[in-house]
Amino acid sequence: MTNSNVKTARYWQTLLAGLWRENPTLRLLLGMCPTLAVTAAVKPALTMGCCVIFVLICSNIIVSLMRNLLKPHLRILMFTLTIAAFVTIADLLLKAFQPEMSETLGPYVPLIIVNCIIICRAEACASKNGLVISIIDAVGMGVGFTLTLCVLASIRELLATGAIFEIQILTLAKDGGWFVQWAAMGMPVGAFLTLGLMLGLVNIVTRKKS
Amino acid sequence: MQQSWLLIVASFCFGLLIAVTNAALSPKIRQNEINKRNRMVTILLPEAKDFILLDEPVEIKSLQGRIEKVEIYKAMSMAGECVGWSFEATGSGFADKIKLVIALDKNFESIAGINVLASNETPGFGDQIKYDYYRGQFKGAPAGELKLVTIGERGKIDSEIVAISGATISSEAVVEIVSNSVTQIKEQMRKKGIIGNDKQ
Amino acid sequence: MDTLNIVLMGFISVVLINNLVFTKFLGTCPYLGVSGRIDMAFGMGMAVTFVVTLSGTLTWMIDNWILMKLGLEVTRYVCFIVVIAGAVQLVEMYLRKFFPLLYESFGIFLPLITTNCVILGLCLFLSVWMVDNLLDAAVRSFGAGIGFTMAICIMAGIRENLNLADVPDCLKGAPITLITAGLLAMAFMGFAGMIR
C-alpha cells in the first residue's frame, strides 16, 4: 500500500518539477535558441512546443529502454542519433499536416536536435531511470517549456500586433483604435528584452519565496 | 568496439523508421506544396482551375547577375481555355529574400496581380508589401518595365508604382523583382513562340 | 572579379547583417554561459570558427553532391549531425596531438561545441539561403564563426564592465546579459539593408 503511494507521490513530483521548480527555460536556462526565435507569435510557439514534447517523449522512451546497454563512450552519440531520427519524423509530420507552420518555423525545427533540453533530460533522467519516470519527466519538462513559450509569445504578439493567436484584442491605431504597435517586439530586440525581463521577474518571485 | 553493434542496429532501425515515415507522408507533402501554389494563384486568376507546367523552364538573369531557371505555369479554366500565366520570382529585399508569385493575363500584356509568398521585412513597415493597398497597384499594370515613385496616385493603374512611406527599399525591391522577371520572361516566351503578337 | 564580389558580399552578410547570434538567435546558450572574460570568449570563438568552417563546407558538399543527387534529403538532419560530431572529434584529436597547450586551454568547450546551435544552424541556413557554390559556402561558414566570435567578445567586454556596475539583484546573471544582448541586437539592426 505505502509503496504505491510513495511511487505516485514521486510521479507527481517529477511532473510538477518540469512545470515550475525545474522549468527548463526559466530555471535551468536550457533551450534558449528556440525560445527567442519562435515566440514572435503564439501559433508558432505552440507548434514548436508540441514538437518538443513529441521528441522528448519518444527519445526518453528509447533511451530509457536502452539504458542498460549504453557504455560511456558512445552515449552522447546514441542520444544524438535517437534525437535526430525523431526530429526528422516530427519535421515530416509537420510538413504534411501543418505546412504553413512548417514554413514559419523553418530551420528551427531541425534545431531541436541540438536543443539542450532534450539531451540534458536524456542524460540526467532517462538514462538512469525506468520507463514510467522517464515518460513523466518528458511530459513535465515539455509542458513546462511549452507554457513558457506561450506566455512569452503572448506578451510579444500582443504588443507587436495587438492580437493573441491571431484574435485581435487591442484595436490598432491604423484601424481607428488607440493602440500603436510596438514593432520592435516582433524583432530580435523584443525577444531578448522580454526574455531577460521575464527571467528577472522569475528571480524576484523565487527569491521572495526563499 | 564491442558496443558498436548497438550503434549499427540502432542506425538501421532509425533509418527504417525514417524511410517508412517519409514514404507514407511524402505524397501528402508534395500535395501541400501544389495546393499552396494553386491557392496563391487562384486568388489572382479566379477562373483558373488547372495549372499546366511548361516543359522547359525559362532562364533569366537575376538582379544579382546569376542565371536562374523559372518554371512557368499556364492557368486553364474549366472549359480548357488559357486564362493566364503564373510563375514565382525571388529577389533580395531590405532584410532577407522576398519570394513573389506573379500572375499575368493570357496575352502576357498586363499583370493580373502579385502575391508575397515569403518575406522577412520589418513588421509595420516593409511588411506592408503584403497589404492590398500596395499590391493592388500591380493589378492591371502593363507587363514590362515598372518604375517606383515616392509621390503619386495609388489608384491610377499604370507603370508607376507608389512606394510605401517608410519602406522605400522594400517597395523598390518588389518593383525590381517584378520588372526584371516579367520583361525577361516575356521576351523569352516570345522567342519560343509560346506567346506572340498574334495570340491564338 | 564577379566571384570575388559575391564572396565578399556573402562574408559581410553573415558577419554583420545576418549575424547568427543577433538576428537568428543561434548560439545563445554558450553566449550566456561563457562570455565572462574576453580571453575565454575569444578562445571559444576561435574553436567554434574552426569547427564551423570545417562542418559547413563538409555538410554543404554532402548535401549538394550526394544527398540531393540521390534524393535522400530526408536523411539530411541525421547526416549533418553525424558529420558535425565527427568533425568535432577530429578537431579534438588533432589538437590533442599537435597543439596540446591549445587543447588544454579549450578544456570543456570542445566537446560542448557539438550541441552549439551555431554549427547545425549554419549548415541548415546554407540550404535556406540557396548557396550554390563551394567557395560561397566556405566563406559564409567562416564568416559565421567570425560573427559569433565578434558577438561573444563584445558581450564579454560589456560583461566585464557590468561586474562593476550596480545591477539590481533580480537581474544579475542571465537576465541582464539577455537585456544587453537585446540592445546589441538593436544596434546590429542598423546594418540591415547595407548590401542589396
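Letters A, B and C mark the chains as written, and numbering starts fresh at 1 in each.
Following the convention adopted for this analysis, a contact is a pair of C-beta atoms (placed from the backbone, for glycine too) under 8 Å apart; a residue touches a chain by one contact, two chains touch by 3 or more.
Nothing here was measured: the structure is a model prediction, and the numbers come from that model.
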Legend entry - A-B compared against A-C, more contacting pairs: A-C
Inset, instruction - Sort the other chains by how far their Cα centres are from that of subunit A and give me the top one. - result: B
Legend entry - Centroid distance [mean C-alpha coordinates] between subunit C and subunit B, Å: 32
Inset, instruction - Calculate how many whole Å lie between the centre of subunit A and the centre of subunit B, each centre taken as the average of the chain's C-alpha atoms. - result: 34
Legend entry - CA centroid of subunit A to CA centroid of subunit C, Å: 23
Legend entry - Two or more partner chains touched - positions in subunit B: 14, 18, 22
Legend entry - Multi-partner residues of subunit A (at least 2 other chains): 77, 81, 85, 88, 92, 187
Inset, instruction - Hunt down the residues of subunit C that sit against at least two other chains at once, touch-wise. - result: 74-75, 78
Legend entry - For the subunit C and subunit A complex, residues of the former touching the latter: 22-29, 32, 74-78, 80-82, 85, 111, 114-117, 119-121, 124-125, 128, 168-172, 174-179, 181-183, 185-186, 189
Inset, instruction - Please name which positions on subunit B make contact with subunit A in the complex. - result: 3-4, 6-7, 10-11, 14, 17-18, 21-22, 25-26, 28-29, 32-33, 36, 118, 122-125
Inset, instruction - Could you please specify the touching residues of subunit A with respect to subunit C in the complex? - result: 29-34, 36-37, 76-77, 80-81, 84-85, 87-88, 91-92, 106-107, 110-111, 113-114, 116, 119, 184, 187-193, 195-197, 199-201, 203-204, 207
Legend entry - Contact set on subunit B toward subunit C in their complex: 14-15, 18-19, 22, 64-66, 92, 94-97, 169, 173
Legend entry - Residue ranges of subunit A touching subunit B (in the complex, touch as defined): 66, 69-71, 73-74, 77-78, 81-82, 85, 88-89, 92-93, 95-97, 99, 103, 160-161, 181, 183, 186-187
